[in-house]
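These notes open a run of structures that come right after.
Consider the two complexes below, in which chain A is the common component and chain B and chain C are the respective partners.
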Partner chain A sequence: MPNDLQVFVPAPDRPAPLDSTGVVGWIRKNLFQDIPNTLMTILGAYILFVVVGAVLNWAIFNAVWSANSRRECLDAVGRSGACWPGVFVWFENLIYGLYPKDQVWRINVGFLALVLWMVPLWMPRVVSKVAIGLSAVALYPLLASYFFLGGDKGIIWTALIAAGLTGLIWVWATALSETFKGKTIGVLVVDSLGQADADEARQRLTRRLATLAVFIVACLIISSLSFVEVRTRFWGGLFLTLVISGIGITFSLPAGIMLALGRRSNLPVIAMFSTLFIELFRSVPLVTILFMFNTMLPLFMPAGTEVNQLLRAIVAVCLFAAAYMAEIIRGGLQAIPKGQYEAADALGLTYWQTTSQVVLPQALKIMIPAIVGNFIGLFKDTTLVSIIGLFDLMNMARAIGEDTNWLGLFIEPFFVVSMIYFVFCFAMSSYSIGLEKKLAAGRDR
Partner chain B sequence: MAITETGRNSDARSRFSRALYDARIRAIVLQVLTFVLVVGTLIWLTNNTMVNLQARNMSADFGFLDVSAGFGIGFTLIPYQEGDTYLRVFFVGIMNTLLVAVVAIVFATILGLIVGLARLSNNWIIGVVARSYIEVMRNTPLLLQIIAWYFGVFNLLPRPRDSVEILNGLVLNNRGFYLPAPVPETGFAILMWVLLTSVIGAIALHIWAGRRLEKTGKAFPSILSGIAIVIVVPTLAYAFLGQPLSWDVPVLQGFNYVGGMSVPPSFCALIVALSVYTSCFIAEIVRSGIQSVSKGQLEAAGALNLPANWTLRRVVLPQAMRVIIPPLISQYLNVTKNSSLAIAIGFPDLVSVWMNTSLNQSGRAIPIVAMTMGFYCAVSLSVSAIMNVYNKRVQLKER
Partner chain C sequence: MTKPGRMIEIVKLNKWFGQFHVLKDVSLSVREGEKFIICGPSGSGKSTLIRCINQLETHQEGSIVVDGVEVDPKGRNHREVRSRIGMVFQNFNLFPHLSVLDNCTLTPRLGLEMPKAEAEEIAMTHLSRVGIAEQALKYPLQLSGGQQQRVAIARALCVKPKIMLFDEPTSALDPEMIKEVLDVMVELAEGGMTMICVTHEMGFARQVADKVIFMDQGEIVETNEPNAFFSNPRFDRSADFLSHIL
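Our next item is the complex of A and B:
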């Protein structure tokens, strides 16, 4: 083989012109490509400048930070600056409503428990995330209800609350054992009690006894607690908003799944009732449903039943949300290719096996953005309960402007409250976009 | 022997379990159970309601509709006086709801289109402005926006004497928004007929031009000439008939404006908030519709050397519209439903005037709730029926 083989060596690429790469290039391409584009840039910058400038001036530079009444604010800066002291004075009410001040810690502990419950969902080595999520939906409300409501608890309610506490203990036992030992809590308990070689039935008995022991301890803890009753008419502010939307969200998903399955069922009676329910609740505004339940629920119940107003609102919100959720899930069900059903049939799976193991996981996954969108809508819609007289976050903000000291102070509280709503909704939608990308990464590999 | 016996035995035993696992029998049992459960609950609720109504001396009939309502309504489209019947109140409410819905839909569509296109702009800063607008407005509750516009803006406007005059005759103050009212004079009816005829003529021309284009390939500028017809012919008629239309401009008299048309501040707040809120959703719909047209379509149009406006009109829009229209209509329905939030700021829409005031006055909860829900159901069911027909028409014809 000749050694002097000529190898073609291309001349090195010339670098791209300086003004088409890097920061300069980006600016040229995106801001000053041609004359119309430049004009647009100027217009956009002007809008940004005016809006951001006006908001900053009003909210920070011209604002009054300490005063005793709105009069003082108006005397100081007129309408050119915000009057924050009114919001500061009322801030606790915006968050907790009229909940007694010395009991507010119960709300904090209640929500802390929820955070504790959810933390394992983000721990990387935890395997039983579905079970933890389900337990948060099914058991957490039992625990929280006592912290929020308080009052006398009979034996049954004590047992239920203790079940909630047991759930929390189980979640953390699971999380710790899976993180550090790498096995589920059941296996860990059996092993550490020296039952690793025992037969299946004995192991199961051991696990049950362990659960029972924890439950009994939980019962003892719960029965030693006694909280003052706080009636729901003292509930308000962000706390009430979170309670209503939390219950609505927790209820709407399972109810929506059942309704969607019902609507697609090939049993005509069930399909008809589901369709009727969904169409009725979707075609009327939430306000009318709230009004209907507010005026008619006392009529529907047997004479003499007291239906508290919060409960009426919650029932209305739940049914409304379930109908919307049903249509979203139906969309997901329809997107599942027929082959999936046929494959499940070929394997001899029953209807419920097909639904829960094959169809629903896929349907829920593709509908995640829409489901979260619905949750966001529900969270915003809870403001409507103010129309039937509940003091949720928004109504609390409005009440500030009716306080004699702060008469007419509307914009500032609304500004703060909108920021709270914005943070919640934006966080939810960003999380859903992230989740969607994560799931799509698995699919598009 | 033993084998046959066992066989027979299991036969007898399994007759029950076979029935239990028979899909047909299960279906029937399940449906009967559901039916009994649902109907039973309904009967129970009705029964409770009857007992409760009797105990409270209330009735559930529609007889009250002919009775005089005896309260005034601040803003009505159809003539209404304090002594008019409840049925009239119902229609006043419907008209007000529809007015809010239609006006808000028009503004929301225009605003949404602009923001949606701005969101697609290849100018970075315009994209950022549009995106921030959308994110901020759609992530705050509509009711909060309505109330903030009402208490924070329209209620704080100056008194009539120091009104903001936008243009001659367009006046904004804390009593509402005043604008000139058209006053028809003799010959106005003829003008309307001329206008109608020219619109029909323009549409006919457009259809004819379309047919000719399909047959012969010869284009005719039907849209431009149509617009010309609709503008020129009525203008000529207007001049020829001696200008049969004058404007009643609102003027300040004493402490208030008189003349012209006016809408209350609550209406303005409702329209602004509804339009802004809905425009965010419309903008996203427009954006996703236009992005749904695949790049290959544009490249193919370029390869055929189609002019830019043809590419837009004949290639992009027809395909984008198929994606845009269904969610757009559902947003329109949402606007109609959301207009019921008027009650929070006291605008007399259907819910406020009928489900609130009339219900409290007459105590006929059941007929009133039923009529309100009936109205909203009728609107949304008829719109979705139309939508189904439309969807069938524009569906991709797969060959």
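Our next item is the complex of A and C:
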């Protein structure tokens, strides 16, 4: 290299100007940049003050907190304050519907089981998260349905419920083993029985026997329980809303994936069936589908068979949600470049390997906002089941205003119900944003 | 059946896209360890030809025999054919949601049902060979184009192919990165791999190629030794093409 070449030295970085960073910089830049901006800020602050003030006055400062009827409330403050006692009296019904009061603990335990099932998904050292999630979808409903429904159970039913309980035990055994020992529960069991060096077949047998032992214990526990039957017509309130939307949400994702793949399939029969299904259920309002299933389905069933009304509503919601989800997923599938399929093909992967390992993980990740948006929509759409006479959260709120003591009390219950809806929807939304950030971390440009 | 030592035997291959006749009576024979460079103007059918070999495109007439296996255009033995062939694309086509290492181990683990540890060991061997071992846990989009293409080569090698196909592997790269990819390809060629490479990197062609194929309008115009082809093309069409790219 010749010696007379000049050496290039990049200029050092200088700090950014002070007034463009930090809190003060942000306020100056965004709120008080120039005169119109300052005026808008003041106007906005004023509107916020008026609205929030009015709501607080109505909901808290002028509200009546104890009374025996709506008349007493009206005599005390008129319409300038909320009348909360009506909501308090009915609150338990808003949450549990007409479920017998001495059995309500079963609902609580049932949902506690769901929470327990989900907690390991947030534990940082747990690696088997996919398996835990799948087990929640496949096994939790078995356990929950017995807690919620109760009644007689034959041998098969007992075994299924016990499978649910086994699932929960497995989830926590896995979570604890992976958190504290850093190995999967299967490996831990094999190691602690001194079979770490045994061959693969023998280890597999040991794992199966251990699972069987837990299952038998679960069977014994379940068969010692006996819950009175609570028929679904007593279900209601937030509980019913969660049951319908929970099943709808859980069903819609896998069903939507299958329909979306089906619609893009090369096999004409499958493609046609999927397209027909999607277009049919997407083109009809949910209310109509609910009516159809509620009134017409029994006509097509053989005489004497009776399909539970709640079940009819759930099936209707599931099919509707699956059709919508299918189109969202299809959008995600279309965003995957052709090169990804070609690379997978060229590597010799099969259709299902390509779909499950290459295409879906990417498609679902892009579609998280849309998918969760759909979940939120579905959660709120379940209010429509009130039309066929189910007492979901919304219908229960309406019932308060029809109680003779609280005649005409509609605003307060609806206010509370919207708060409940907001809490759930906002939680879903925040979770999806968190999930997006987590999945995007370190993988994007 | 092929004669011993014949890796790829293509006879009178014809393909149409709708009414458009992309490949016209293409015949080609590649022996084990030979390196073929395919060049030609865009739209001449170069990519389509090599994509037919591993059946990313299906052909309508003629026959392709890969390592003794007759390729079925209806797709009944795609996986058998593809397990013998590694392919590298112009746009890398790495899986962005998987780490570099997982990109390499995906097929061995799923397709060949190899235990994870063994698959990772093989993957690391190939990643070190292309000089990316220390980036194994990064994700593809965190790497430069040249590094991504080298990962793509390593990924293809993990399937233990007997033949490597390259579809314009350096066309999407910045000039500074072309060399690092070509170096890997030269090393691969020197290791005795059978290679068919669509490229306009003529320096590379001179260095490694046994044969240069010039295609135009869906036909093989000229097949020649690289030095003869570059210094003394037989057809006016080849000479015209060379005058534009050299």
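One rule holds in what follows: the second predicted complex is superposed on the first by the 416 of 445 C-alpha atoms of A that agree within 3 Å, B and C clash if a C-alpha of one lies under 4 Å from a C-alpha of the other, contacts with A are read in each partner's own complex, and residues count from 1 in each chain.
We adopt the following convention: a contact is a pair of C-beta atoms (placed from the backbone, for glycine too) under 8 Å apart; a residue touches a chain by one contact, two chains touch by 3 or more.
Note that the coordinates shown come from a computational prediction; the quantities given were computed from them, not determined experimentally.
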Touched partner set for A:S283, first chain B, second chain C, both or neither: first
Partner chain in contact with A:Q357 - chain B first, chain C second, else both or neither: second
Contacts of A:M394 with chain B and chain C, given as first, second, both or neither: first
Which of chain B and chain C A:S386 touches, first, second, both or neither: first
Touching partner for A:F273 - first (chain B), second (chain C), both, neither: first
Superposed model, chain A: greater residue contact from chain B or chain C: B
Partner chain in contact with A:C425 - chain B first, chain C second, else both or neither: first
Partner chain(s) touched by A:M40 [first = chain B, second = chain C, both, neither]: first
Those residues of chain A which chain B touches in one complex and chain C touches in the other: none
Chain B to chain A touching residues, read off their complex: 27, 30-32, 34-35, 38, 45, 48-49, 51-53, 55, 121-126, 128-129, 135-136, 139-144, 147-148, 151-152, 337-338, 340-341, 343-344, 351, 355-356, 359, 365-366, 369, 372-373, 376-377, 379-381
For the chain A and chain C complex, residues of the former touching the latter: 337, 339-340, 342-350, 353, 357-358, 361-362, 365, 442-445
In the complex with chain B, residue positions of chain A that touch it: 30-31, 33, 37, 40-41, 43-45, 47-48, 267-270, 273, 279-280, 282-288, 291-292, 295-296, 298-303, 376, 380-381, 383-384, 386-387, 394, 398, 401, 410-411, 414, 417-418, 421-422, 425-426, 429
Contact set on chain C toward chain A in their complex: 54, 56, 78-79, 82-83, 85-87, 89, 91, 93-97, 106-107, 110-111, 139, 141-142, 155-156, 159
